[in-house]
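One chain, chain A, appears in both complexes that follow, with chain B as partner in the first and chain C in the second.
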Partner chain A sequence: MFRPTPRASGYFRTTYAADAALVQTRTEKIFLLLFLIALAVLPFAAGPFILDLACQFLLASIGALSLMLLTGYAGQISLGHAGLIAAGAFTTGILARETGAPFWVTLPASALTGIVLGFLFGLPSLRLRGLYLAVSTLALHFIVVYLGGEYETKRGFSTGIVIEPPSFGGIALRDGRAWYFVLLAAAAACLLVCVNLLRSRSGRAWLAIHARETVAEALGIGIARYKLLAFVISSAMTSVAGCLFAYYRGFVSIEAFDLFLSIQYVAMIIIGGMGSLLGAILGAAFVVVFPYLIENAIRLLPNAQRLAGDIFAVNYAAFGVVMILFLLFEPLGLVGIWRRIQNYFLLWPFKQRPLAGGRT
Partner chain B sequence: MAELIVEHLSLRFGGLTVLNDICFEVHPGELFALIGPNGAGKTSVLNCISGIYRGNGVIRFRGERIDGLAPHVIAARGLARTFQHGEVFAHMSVLDNLLTGRHTRIRTNPLAEMLFLPSVRRAETEHRQAVERIINMVDLERYRHAQVGSLPFGIQKIVGFARALALDPALVLLDEPSAGLNRQEREDLARYILRAKHELKLPMIWIEHDMQMIADLADRIHVLDYGRTIAEGDPEAVLNDARVRAAYLGRS
Partner chain C sequence: MQLVVNILVLASIYALIACGYVLIYRVSRVLNLAHGELMMLGAYLVLATASLFDQHPALALAAAVFLSLVSGGLVYVFLMRKMTGEMVLAAILTTVALGIFIKGMVVLIWSAQQQYPAQALGVSNPSLSIGVASISLWSAALVGVTASTYASLFVFLRFGRWGMRMRAAGQNPLLAAQRGINLHGIYALAWCLSTLTGACAGILMALDSGFTVNMPVIGLKAFPAALVGGLDSLGGALLGALIVASAEVLLIYYVDPLLSDVVPFLVLIAMLIVRPWGLFGTREELDRV
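Right after this comes the complex of A and B.
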């Protein structure tokens, strides 16, 4: 899965361990280091708006990565991911509010909620496929949002639950920059977990199930076990994202978790490119930044003042149009475009790769 | 003792009898050919053995009953198979296809895999070595990193065969491995099958339509027609049997 892309010139590994390494050549190491430095410098160079945008993107990318694991790799559709984020956020909100539980209790509790919900809502996947499965996961969304809403009204938090920022050793996490680094670490950990799973036994089992269940089973892969595993891992990570989301906003309310959020997560993996972790990240960035782009574009129009009320509607419509355009013209998503650019420079001055399997 | 014993196997789909009282034994190291005209029920026999279909009757593998077990449990016992149309994983590399075939032999747990602990790293390298031995055996070195979907059909069928071998099987079911291959590819395939037989001492059940290949390679032949056994025995005797000729060529 994570074999390196063929390089322009001869590059050979001499051990199987080196062949399995994630970062291989010196150039790759240098670029990775530069990239990490850029990520570290960003919060000091950027203003509060960009910083907030970066934090939103990091949160979204955790959700997108876990949905990609489930849908793009294991082939199980879920429309309930907003429900799982809500489950994590509400677990955190309720625990923090009712018992004053600290961060290191609410985070594992959210993960546990995700594991339980993932297991329960993974069960239908053993019998249902495609659209039918999607509808059953949709139920997850509505159940969680309903329960959250009931809690809010019964306890009189009809406007939402306010929670204190988490503190590490007595220092409360309020600063945007500190949040950026916490979320960056969480997203990086999530990415690493996905990469590791996909380059080992479980990841291959998921891909096999995605391709042909009967064949996978005849090869000795326990279908039920691996489908549930995919649901459980994906849901746990998404719930953790929900927990972080709750602390980051300092506020939990069911309004934040409407069905449109689930659609947005599905959009992230479609626009980013199915079956690619890089795609999930690119898709998350796109979906987070897109509304702001539309807003700014409308401001540039001559009658901006009169259109201000329609920004929401235009946003939804533009979002739909972009989804359709991607499905029609770039089914491989942003990652498909990225690979084409990569290939262009890799092959330059030639235009085509030599035929696959040709003598080398 | 026989490796695999099929006793009185019958299979019905609604009112249609697909298999009717099939009995046979496969001996250690034997290349056991299963032949018959289209629709005779050959693939159904394999599907019953590997647990995809539930038939009536008893199937014993190395003395233990395997009928009624789930397909993945049967595979884990060491019963590997290939599929008529290849059914390789087109989006995965040759290496990953074979490592997937080795699934039941790899013993890492998902929690360790998440962190890619040293134990996982060691297991991956160790199984990579095992898979490389098979790649070597069926001459797939050139293609190891290639995406299987981009390879010619003939090579894909070899990948399917290699994927079955990757399980370290005790018995292999081959469902028309030569279908759709040209002369050259058939010769290669025959060589790999013989290698598996001689080097790995693997017993195999082999569905085949190429009578020349069958006559040259098979140890014993079992002939099906309309879900019934019509002959079993040495290639020479079976292929000259009047009923077999009638089933294949029609009565004059």
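Right after this comes the complex of A and C.
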């Protein structure tokens, strides 16, 4: 998305500043501006339903971006993402409930919890790889969820913790539109952090570790350090997403953070496309919108009444099918489809890049 | 005394489920995270066959077991066959997706409420007493089934022609294929057997105390048993199940009943820290993943 690549038309950069710029050509600038205007106008044009959907998408995209950083770039598999979101949400919930801590205390506290947990989640990765790492993160997810449930029952909040909306300078954040802009800012900040991390030293180190650990080590990259760094950064961002989630919902309950949520986040980066930030965002959008699409599709069916009670089950089944279809037939995800379309127009009227001689 | 019986029953549940993980992992290096769901599918199949053969509980049970064997084969042929030789992560995630799919379909067909296949079959579940302890009939049956399953799997893998092929395919797929072993056939067989044992566990547990759609959690809790023993070792799974079950029962009894869901995973993490390849697993595994 923001990766500076030489253009097919032969746009070459002549200064270092141009080389480092995130937005390079005038066309890109115009499109970015249009996109920003569209984002700014959206909450005023859309109804409350769309607004809620947009907020959910922004929250999900923070989680998906951080998981993409960890899995798609650093190559460390995590099946415990929901556990980290739960940790962030519960830190916020507990602090807000027990001490009445304001927003600007709970947010850093959540991030801190994320850092600590990320370190713990990351420790097994120093010894384990692939499947075993996935399993250890899965186990940690269950432990975090257990601790949250334990807190709920011991303190008598067995139905969940209610949180007051955060306030900025005495103004409580209740309005959907205000939330939209807060979440948009958070997601944009998260995206910028990811983009800049990935094109800096740590991002390149992660890519090297992902590609081949032994070679990365031979190149002088501290494997342990960068693996832990990936876990820590990813978990911190995820926990912040959890904190925002808790405030947005105004309610924290451990039921919301089951294994299915972890699977949904993994599905986001699979469906979106591994190893691409754009993929994480597309995947988040897909997974958030998907249940509503299914719901509407079911309404169109003739015997809609019968299925209406089992809408949750239909969602489950359809979600499984979509995930399987992507894994089997489009392993590159939505980004793969997008790149194919892009290439089609870039190369038109040809079907493939010329093998040699052509300037790429 | 009752504690010992409880540990024994829980250990047999975990062992019977864990051998499904071990079979598939040993042969094809795929971790089947849909195992819990496939196990639940077996229990639901009993409900289906119970209404079909309503006067013959034995026939209904046999039909359900057979159907789950077939469904394991179908899963391989239509889904996992395409994932053979793919990245480990992709294969695992495919099984995860399969699990979600099965869960959704099962709720759609049978609804999400608690089910009692024992009532549907019209069989009772009397409590037997051994000395001072008591055990329900179906739990006793479960212990028996686990013992016989493990015995027959040992014999099959050790002396059976197909069992030998399965071991060969697990040790070195390329060499095995070159010696004329049909890898797809072997993998399909592993999936069939794994689903069969899982379904047996699911059916017996469902007969004992009914079940809901949350049953797959038990399947997931049995996974630490497989890993503690070593993911590619059947004997290890047996011992692992015993360790995990004793830890769980004792901690629930002496510390806190809420711990039930988390103990197996604590054991799992402890094992991963100390000896990731398990008690009897092969050490080289770790680098090959």
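Methods note: the second predicted complex is superposed on the first by the 348 of 360 C-alpha atoms of A that agree within 3 Å, B and C clash if a C-alpha of one lies under 4 Å from a C-alpha of the other, contacts with A are read in each partner's own complex, and residues count from 1 in each chain.
The rule is simple: a contact is a pair of C-beta atoms (placed from the backbone, for glycine too) under 8 Å apart; a residue touches a chain by one contact, two chains touch by 3 or more.
Because the structure is predicted, anything quoted here is derived from the model rather than measured.
In the overlay built on the shared chain, the residue A:217 is in contact with chain B alone; chain C does not reach it. Contacts of A:233 after superposition on the shared chain: chain B is touched, whereas chain C is not.
With both structures placed on the common chain, the touch criterion links A:205 to chain B but leaves chain C unconnected. When both complexes are overlaid on chain A, the residue A:128 reaches chain C alone and has no touch with chain B. Contacts of A:16 after superposition: chain B is touched, whereas chain C is not reached.
In the superposition on chain A, contact is made by A:193 with chain B only, not with chain C.
Judged by the touch definition given at the top, the superposed model places A:268 against neither chain B nor chain C. Residue overlap on chain A between the chain B contacts of one complex and the chain C contacts of the other is empty.
Touching chain C in their complex are the following residues of chain A: 77, 124, 127-132, 134-136, 138-140, 142-143, 146, 149-150, 153, 259-260, 263, 266-267, 270, 307, 310, 312-321, 323-324, 327-328, 331. In the complex of the two chains, the chain B residues touching chain A come out as 50-52, 70-72, 75-76, 80-81, 83, 87, 89-93, 95-96, 99-101, 103-104, 106, 108, 110, 113-116, 120-121, 124-125, 128-129, 132, 142-143, 145-147, 150-152, 155, 163, 167. By the touch criterion stated above, chain C contacts chain A in their complex at residues 31, 79, 82-83, 88-90, 92-94, 96-105, 107-108, 111-112, 220, 223-224, 227, 258-259, 261-262, 265-266, 268-269, 272-273, 276, 286-287, 289.
Across the interface of their complex, chain B is touched by residues 1, 3, 6, 16-17, 19-20, 193, 196-197, 199-205, 207-208, 211-212, 214-223, 229, 233, 275, 356-357, 360 of chain A.
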